[in-house]
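Multiple structures follow.
Same chain, two partners: chain A is paired with chain B first, then with chain C.
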Partner chain A sequence: MRRIFKIYKPFTHAGLLLAAQYRANFFFFIFGDILRCFINYFLWHAVFSSGGEKTFAGFSETDMVVYIFISFLTSIIAYSDGSYAVGEEIRDGSIAMRMIKPIRFDFAFLFQELGERIITVSLIFVPMMLGVEVYKFAVTGAVCFNIVNFILYVISLILAYLITFYFNVCYGYSAFILKNLWGANFLKDCIVGFLSGGVIPLAFLPSAVAAVLNILPFASLTYIPVMMYVGMFDVPTIVFSFALQIFWLVFFIILQQVIWNACVKRMSVQGG
Partner chain B sequence: MIYVENLKKEFKKTIKDPGLRGSIKSFIKPKNEIITAVNDISFHVPKGEILGFIGPNGAGKSTVIKMLTGILTPSSGRCEINGQIPYKNRKNYVKEIGVVFGQRTQLWWDLALRETYSVLKEIYEVDDESFKKRMAFLNEVLELEDFITSPVRTLSLGQRMRADIAASLLHSPKVLFLDEPTIGLDVVVKDNIRKAIKQINSEENTTVILTTHDLQDVENLCDRIVMIDKGVKVFDGDISDLKRRFGQTRELRFVPENIDIMEKLDYKKEFKLSDDDLEIENNGVSVSVRFNSSKISVERMLNYTLSKTHVKDINVTDADIEEIIKGIYRSEVKLDA
Partner chain C sequence: MKYLRKIHRMFKLHRIFIKQDLKKLMEYKIDFLTGAIGMLLTQAINIFFISVIFARIPSLDGYSFEQIIFVYGFSLLPKAIDHLFFDNLWAIGYFIIRKGDFDKYLTRPVSTLFAVTVEKFQVDAFGELVVGILLLGYSIPRITVSISVLNVILFFVSIFFATFIYTGVKLITSSISFWTKQSGHIIYMFYMINDFAKYPTTIYNRAVKAVITYIVPFAFTAFFPASYFITGGNAWYNIGGTVVMSAVLMAVGIFVWNKGVSAYESAGS
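Right, the complex of A and B next:
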C-alpha cells in the first residue's frame, strides 16, 4: 500500500502543478455552476411559496435548499474527468506512451486527478458547507450541524467519487471502439446528472421509478451522500446504502479491468 | 537477447464509402477488411547490438516496434526479449526497456522538464543516489542543462527529442527502442543524438533497435540492418553485406580533355551490356558512367576509357547506400533473400 502510494504520489504532485496552470479555467466553470445552483434555488422557492403545502415528498423548503446546495457540492466533488482523459488519450494514441511505463493506468489517472482537484475542492468545500449551515441556522434559529451525519457524508462522498471515477474509466475505454467520445460524453453527463439525483431528489420521482434508480449505480453518486448529510436515512438504509456503494465500486473496478484486457488484445493505436 | 519468430499482425479496417451516406451505411452495417501490417517476420538481436530497422513509409516498422514494446499484441508468432514476452506481464517487462517514439512525447507537456524526470524516478523506483548520477551522465551526453527548468511545450523539437531520449534512459534499460529518433531534426542535432546513442551503447552495452528514414543514421550507427517492405522482411545483414549483395554498381567519373571525344567511346557496344547494367550521363563537361561491377570489372572499364581518351581528372566511387535502398524500395533490385 505504501509502495503504491510512493509510486503514484508524483502523479498527484504533477496534477497539482497542472491545475495551478489552469486555475482561471476552473473558476469560470465553478462560477457558471453556482449560478445554475441559484436558479434552482429560486425555482424551488417559487414552487414552495405558491403551492401552499409545507412539505413535498417529505422535503420542507429548508430541506430542499440544503439538498440543492449539498447535491451541487457533491456532484462537483464526486465529478471525474476520467472518461475525457482516457478517451482523449485513446483518440490521439498517446495511451501508447502510458503503456511503455510500468504503471497501472487507473491508478495513474486517479492519482493525477486527485492532485488536479485537491486545491479547488478544498477551496469550494469549506465555504459551501459553512454557507449551508449558516442558512439552516438563520431559518431554524438553532445550530443543527450533526457531526455523525457529516462523517457519514464524507465517507459516502469518497465512495461516490471512486465509483464515478471507475465508471468514467470504463466509459472512456469505449473510445477504443467509438474512436471519438466528445458527443457521447456530453450525453452521458446529462443522463448521469439526472439519474443520480443531481437535478431533483429521487424521492420526487414515481415510487416504482425511484425504486429502480435507487439500486442503480447512479444513486450512489449524488443521492446517497446527500441523503446521508441531510439525515433522512434511517440506520438500516444507511447500512444498505454503504453496502450498495461498495458493491458498485467493486463492480466497476472489475469491469474496467475486464474491458481493458479485452481492448488491449484488439487494440490498434491511432496515428504513427 | 531478442528473439522474434514468425511475428504477424493483422488489423481489422472498416471500409467506408465516401460521403454522409457512406458514413451511415458503415455505421449500420460495417464492412471490414483484414489488413496484414506485419507478415511473418523473424530475426534475432544479440546483446549490445544496434539494429537498424528500415523500410518505406507504411512498411510496418512501427507496428513491429509496438509489438516488441508490448503495446500491441501480435496476431500470431512470438517475440521474446530478455526472456520475457512483452504483451504478457507488460508492467514487469517495460521496467527493463526504454522507448522513444519520435512523433510522440512521454514528457509532461505542461510541466517543467525536471518534473517529468522526478515522476519517472518514482515510477521506476530509482533511488536518490543513482538518480543523481544518472542525471549527471545524461546531462553530459545530451546537454539538458539549458532547458531542464522550462515547460516541455516551450522546447524546440531538438531539445524535446534529447529530453525524450534521456527520459527513456533514466532507469538504465537493457534494451532501447527508438522509433525515428532523428525525425525532423537539423544536421547538428542529429549528429549529437547519434553520438549520444553510440556512447550509451558502448558504455552500457545497451541493445538498441531503431527505425529511421535517415540513411546517415543507418551508416553511422547500425551494426546491422533489417529491412522490411509491405510487412515482409526483405533484407537482414550488415551494411557491407547489403552493398555486396545489391550494390555492385560503381560509378566512373571523368573529365575528358575534349568532350567531343565521347563519340568514340561506345561502352554499350564494347561490353555488350543492357541498360540495367550501364548508364551514361554526359553534362557537356564531365561524364559519369554507372555500371554493374559484377558484369564488367573496374579495371577493364578504366583501361577501355583511358585507351580512348585523355582525361584531366578521373575517379571511381563505391555504390551509395541511398541508391541501393532507393532501388530496393522501388524493387528494381532483384531480391533473392
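Right, the complex of A and C next:
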C-alpha cells in the first residue's frame, strides 16, 4: 500500500497543480450550476405552499431542500472526467505512452483525479455543508447536525466516487470501437444524471420503476449517499445500500480489467 | 438602396456559410444525432419532472400544468434560435481570442461581429426548437389564448426580440475576453441564469425577481411575454419590455464589442 502511494504520488501532485491553476474558472462554473439548485429550491417551495400536504413521498420541505443541495454537492465531488480523458488518449494515440511505462493505467488516472479532487473538496465542500446546516437551523430553530449520518454520507460518497470513476473508464474504452465525441458524452451525462436521482429523488417515481432503479448502479452514484445524509434510510436499508455500492464497485473494477486486457491485445495506434 | 444591397449581400454570405456547416455535419452524423438526442432527452426529463410535481398538486402558484408547459415551451424558442445562429460567441470566450485566431476576422471585408457569428450554424439547437414547438402545440389548445392577427404578430415580435436578449448577454460577456483573453466561464455563469425564466417569476423572492427583470433580464425572454398570451393583459409592459431590454442589451453589446476589437492584441507567436 505504502509503495503504491509512493509510486503514484507525482500524479496526485500534477492533478493538484492543474486544478489550482483553474480554480477561478471553477468558481464561475460552480456558480452557474448552483443557480439550478436555487431554481429547484423556489420551485419546491411553491409546490409545498400550494399543495396543502406537509410531505411528499416522505419528504418534508426541509428534507427536499437538503436533498437538492446535497445531491448537487455529491454530483460535483463524485464527478469523473475518466470517460473523456480515456477517450481522448485513445483517439490521439497518447495511450501508447502509458502502456510502455511500468505503471497501472487506471491508477495513474485515479491518482491524478485525486489531486484535482482535493482542490474541489476544499473549495466547495465546507461552504455548502455549512450553508445547508445553517438553513436547517434557520428553519427548525435547532441544531440538527447528525454526526452519524455525516460519517455514513462521507463513506458512501467515497464509494460513489470510485464507482463513477471505474464506470467512466469503462465507458471511455468504448472509444476503442466507437468514436466518442462530444455528443456521446453529453447523452451519457444526461441519462446518468436522471437515473442516479440527480433530477428528482427516486422515491418520487412509480414504485415499480423506483425498485428497478434502486438496484441499478446509478442509484449508488448520487441517490444512496444523499439519502444517508438526509437520514431517511433505516438500518437494514443502510447495510443493504453499502453492500450494493461495494458490489458495483467490484463489478466495474473487474469489468475495467477485462476490457483493458482485451483491448491491449487488439490495439493499433496511428502515428505516435 | 445602398443598405438594401448590403443586407442582400449579408444574407447571401450567410447562406454560403450555412451550406458549409451542413457539409461538416454530414461528416459527423453520429455525433450530431447523439447530441440532438441528448438535447431532446434533457428537455423530456425536465417535462417529466414537472409532471411528477403536478401529479401531487392541482396548480403551482395559481398556474395550471398546461400554462406552465406553455411558459416552458415559449422559453425554448428564443433560446434555440440564439443557439442556432450565434453559438460562435462561446468560442470567442473560450479560445478564439486566447489562441490569437481572431486575427483572421480582422482581415475580412465584413464587420467582425458578422464574420464571427456567421461562421457557425449550430444544428444541435434543433433539439430545443422541436421540443419548444411541440410543447406550444400541446399547450395552446388547452389554455385560453385568443388567437388573432395581432397576437400572432406580437408572438413573432416577442420571439425575435427575446432571441436578442440571449445574444446580447452573450455578446457583452464574450467581449470581456478582448481584455482578459478568456471569458468562457463568465459567459456560462450569466447564461445559466436563463433557466430561471422557464417558470413563473412569481415563485421567486424579491431579490431573484429584481435580478432576472432588470439586471440580466431573462424574465423577458419567456415569462413576461408568455404571460401576456396567457392573461391577455399588460401588453405594453410584457411585450414592450422585451423589445426595450433586447434593444438596450444589443446596443451595449455592440458598443463593448467594438471597444474590445480596438483593444484586441493578438497572441504573439
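Note that in this section the second predicted complex is superposed on the first by the 268 of 272 C-alpha atoms of A that agree within 3 Å, B and C clash if a C-alpha of one lies under 4 Å from a C-alpha of the other, contacts with A are read in each partner's own complex, and residues count from 1 in each chain.
Following the convention adopted for this analysis, a contact is a pair of C-beta atoms (placed from the backbone, for glycine too) under 8 Å apart; a residue touches a chain by one contact, two chains touch by 3 or more.
Source: prediction; values computed, not measured.
Looking at the shared chain after the overlay, A:Arg36 reaches chain C, while chain B stays out of its contact range.
After overlaying the two complexes on the shared chain, residue contacts for A:Val199 are found with chain C alone; chain B is out of touch. With both complexes placed on chain A, chain A has more residues touched by C than by the other of chain B and chain C.
Once the two complexes are laid over each other on the shared chain, residue contacts for A:Ile7 go to chain B alone; chain C is not touched. Of the two partner chains placed by the overlay, only chain B lies in contact with A:Met99; chain C stays clear of it. Applying the stated touch rule to the two superposed structures, the chain B and chain C interfaces on chain A have no residue in common. Listing the residues of chain A that touch chain B in their complex gives 6-11, 13-14, 17-18, 21, 93-94, 96-97, 99-104, 264-269, 271-272.
The residues of chain C lying in touch with chain A in their complex are 28, 30-38, 41-42, 45-46, 49, 52-53, 56-62, 184-186, 188-193, 195-196, 198-199, 203-205, 208.
Across the interface of their complex, chain C is touched by residues 24-25, 28-29, 31-33, 35-36, 38-39, 42-43, 45-47, 49-53, 56, 178-179, 181-184, 186-187, 190-191, 193-194, 199-200, 204-205 of chain A. Against chain A, the residues of chain B that register as touching in their complex are 11-12, 62, 66, 69-73, 87, 90-92, 94-95, 97, 99, 101, 103-106, 108, 110-111, 115, 118-125, 179.
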